[in-house]
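Labels for the chains are A, B, C and D, by order of writing; each one numbers its residues from 1.
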Amino acid sequence: MIPMLETTIVELDKAKMKSPILIEGLPGIGLVGKIAANHLIAELKAKKVAEIYSPHFPHQVLMQKNGVMRMIKNKFYLVPHKKHDLLILVGDVQAVTSEAQYEVTGKMLDYCQKKGVSNIITLGGYGTGKMQGVPRVFGIVSNKVLVESYKKYGVIFGESRGSIIGAAGLLIGMGKIRKMPGICLMGETHGGFVDPKSAQSLLEVLCKIVEIKVDLKKLDKRAKDSEKFAKKLEAEAMGKMGGAPGKHDLSYIR
Amino acid sequence: MIPMLETTIVELDKAKMKSPILIEGLPGIGLVGKIAANHLIAELKAKKVAEIYSPHFPHQVLMQKNGVMRMIKNKFYLVPHKKHDLLILVGDVQAVTSEAQYEVTGKMLDYCQKKGVSNIITLGGYGTGKMQGVPRVFGIVSNKVLVESYKKYGVIFGESRGSIIGAAGLLIGMGKIRKMPGICLMGETHGGFVDPKSAQSLLEVLCKIVEIKVDLKKLDKRAKDSEKFAKKLEAEAMGKMGGAPGKHDLSYIR
Amino acid sequence: MIPMLETTIVELDKAKMKSPILIEGLPGIGLVGKIAANHLIAELKAKKVAEIYSPHFPHQVLMQKNGVMRMIKNKFYLVPHKKHDLLILVGDVQAVTSEAQYEVTGKMLDYCQKKGVSNIITLGGYGTGKMQGVPRVFGIVSNKVLVESYKKYGVIFGESRGSIIGAAGLLIGMGKIRKMPGICLMGETHGGFVDPKSAQSLLEVLCKIVEIKVDLKKLDKRAKDSEKFAKKLEAEAMGKMGGAPGKHDLSYIR
Amino acid sequence: MIPMLETTIVELDKAKMKSPILIEGLPGIGLVGKIAANHLIAELKAKKVAEIYSPHFPHQVLMQKNGVMRMIKNKFYLVPHKKHDLLILVGDVQAVTSEAQYEVTGKMLDYCQKKGVSNIITLGGYGTGKMQGVPRVFGIVSNKVLVESYKKYGVIFGESRGSIIGAAGLLIGMGKIRKMPGICLMGETHGGFVDPKSAQSLLEVLCKIVEIKVDLKKLDKRAKDSEKFAKKLEAEAMGKMGGAPGKHDLSYIR
């Protein structure tokens, strides 16, 4: 009988893991991290091993087409892999207040420590407000010695500015206090729309880092649609089509 | 000496219950669930067995005509019945923040588990923004196997969309985690006014499900008043009476 | 080493009390209760016996003319008296959220129970939005049997409507759950300005109830000033002086 | 495995301290206290001895030029000194709600008690909304007996009014409850811009109090820039330059 006063992780599979690397892709700017992580899960047929419920998530349940509701949650998926299993963290939402984010992130790290996570990679978007050709991938690490080891995979350091809001930053920051090294990888993105193209760039770098092969074709179609949308936005911004971007377009943003 | 830091359930009657079915009808859209549950309590002469106080309810006490105040609260009522007693949950308010809803719902489920609740039925309205003839009753279950067993009572599945906010959803969602199966029954309603007619539809279905007979006549008068009000609203909306709906009408909404 | 996570009561005098009656007069509408309680403390030379600090009070300290700061707090004062000592609760502020009010009130009741409080009398204003001659005193009790016993002191029952917000209501409501009977006495007041005249009416009734004599003369001057202010407001409202009430007047309200 | 539900102090150096004096300079009005405390740390080559993390700080991590992120935090620095070491408290932010401020301040005082802090000096600005020549230094103490002992250092008592918001006030107020005497020193400042000149005045007084010598030259340049800015503001206010102060100027305020 546990009143849900705290974030609660329900383990579906209690099997041991092989020194896993945590890969986080919760909703954030351009949904870049979320798209990348969900693509990994689908392509690698990852298995759901735990569910995360939290009083800091909206007090709503979602109605599904099949007549069954489901709670809003975050989830851990597992992919057995060489020396280090991949533990992938995805979900519907992030908590919105500081106190809630610290609590949820703390509980996630508790689980990670228990499972022997050796390394943390968080995925996100880096909003520039501009369109770009091939999105670059920026990195921020928890410890200076890591910079060089990630540069060789094409990660760009020292060009991102400001702060990282939410789980992508806190997992690395709080992970450092618990002696778990980590990197936040950010795909360059406009920030004003969902960006699967940026997710593609991110995945290319990530796959090299964790030494895994993933078919990115299915992201191509989404990326092309996104690019069309981006060009339309740009055209509008340049006044070619006149008027402000339509509200229906912006409703696409999340 | 308990400072009220948490939701507190005060048991007025500690007698054992017969594998009860929880029926929830707290305030929500169109007050559909609340009207239905209160009607059940009145018609079945249900007995109050517990009171729920919470720091997440307004810090107010209500002044009654007889010179006695009472705190804002939720209440459990009991109706002894065949194989499964009915445990009916009603009250003045619902908590408003996510954290509060999760906490209150968790405490309610603690009590339900202690009392051996076997099944959860939550009652609510499903707002369509439209007037309708005979309101339909939509359902969302916690587990796919339940869909078929409820269809035979006229519950419609797969046509409701979006999310259920508050206790009607969370009791089912959090109940599922605690292995208590459940259904949320939603009476079709406009959403802009109190709707006893929708509550009537809801009760007709509910009575079949729990195999109980309840006189619905007393709801008839209220339902007819509500229908008049609805038609007036509709007329106004179609411009026949001109002007926007009067503010005094809308103050009727809660 | 106690970080101040909860409301904390610091006892300055741990002496036993004689089955005390709690009299509460924290800031509220028209400051009616606060003025009455502070007047009692001054006239009866009550002794401060405890201080209440709370993380739910503003995170500010007040600068005093003598160069010494003081924290924002609530206080208990004691007056030895016949069969029942008087324990008077006053202070700078009330907590503003529901959760905070329930917590603070719970801690106050813990202290009251420990000290053997037998009865609770809370003091407040009842806002009518109108000027009145001699303010009446309304009452709301925790238990119906108390109505008759208070009527003989001139307390009016059944004419106040709505809800009582804050400590004046919660102390009675939560006190009832802890088996401490109580009454909330409300002096009729306009609601738009500080009202010592209403406090005077309140004290007259209270003094009869607790069988004590208090010189009310010092309140007279304040009451007369308040009445002038009230008449000015009324005149303005009737347009005799033209224009809206000046902002400097309304800054008087608290 | 500690989820970060509370403010957490991570000690980097557990060495004993010599009955230290706490000197606090967190961000506040005109950044007066922060500039003064940071100047002390730089000039005295103080050593960082503890870091403070809190769920009440923003859920962000800061990206640094070198590609390494860092969490938002507060920090304690130590300067060994004669009879009383100096323990200097600085940081990026203060918590914004009452509950958070009380919790964070409580944890800081826990640490101070453990380290044997004998005295607390908090630094801040006292906003006047006016330009001034040489900023005066106002003081507010926790206990009346301290007034005379601080006057001889040029601290002005009895001229500051109102309340002190945040750590500068609460550390003294809550410290008093824990029997740690203290003073809040406030440099006179406009309030509308960062004011190193006021910090200079503050440091001159502070250095006399704690019997230490600090080179203030490096603050001179900043103070002169600040003065120019102040004069420009004043000129604008007097209409010499016309128009409202530019938004880019005001963005300087923090």
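As a working rule, a contact is a pair of C-beta atoms (placed from the backbone, for glycine too) under 8 Å apart; a residue touches a chain by one contact, two chains touch by 3 or more.
Please read these numbers as outputs of a predicted model, since none were measured by experiment.
Peer 1: Check every other chain and keep only those touching both chain B and chain C; list them.
Peer 2: Shared contacts of chain B and chain C: no chain.
Peer 1: Tell me whether chain C and chain D, two copies of the same sequence, contact each other through the same residue numbers or different ones, using over half shared as the line for same.
Peer 2: different
Peer 1: Most remote chain relative to chain A, going by C-alpha centroids?
Peer 2: When every chain centre is compared against chain A, the largest gap points to C.
Peer 1: Distance from the CA centroid of chain A to that of chain C, rounded to the nearest Å?
Peer 2: Chain centres of chain A and chain C, defined by C-alpha means, are spaced 54 Å apart.
Peer 1: Measuring centre to centre with CA averages, how many angstrom lie between chain A and chain D?
Peer 2: About 38 Å separates the centre of chain A from that of chain D.
Peer 1: If I count partner chains per residue in chain B, which residues reach a count of at least 2?
Peer 2: none
Peer 1: Run through the chains and report each pair that touches.
Peer 2: A-B, A-D, B-C, C-D
Peer 1: Once bound in the complex, which stretches of chain D touch chain A?
Peer 2: Those residues of chain D that touch chain A are 1-5, 10, 53-63, 65-71, 100.
Peer 1: Contact residues on chain D for chain C in the complex?
Peer 2: Counting only chain D, the residues touching chain C are 6-7, 97-99, 101-103, 105-107, 109-110, 113-114, 139-144, 147, 157-158, 160-166, 169-170, 172-174, 176-177, 184.
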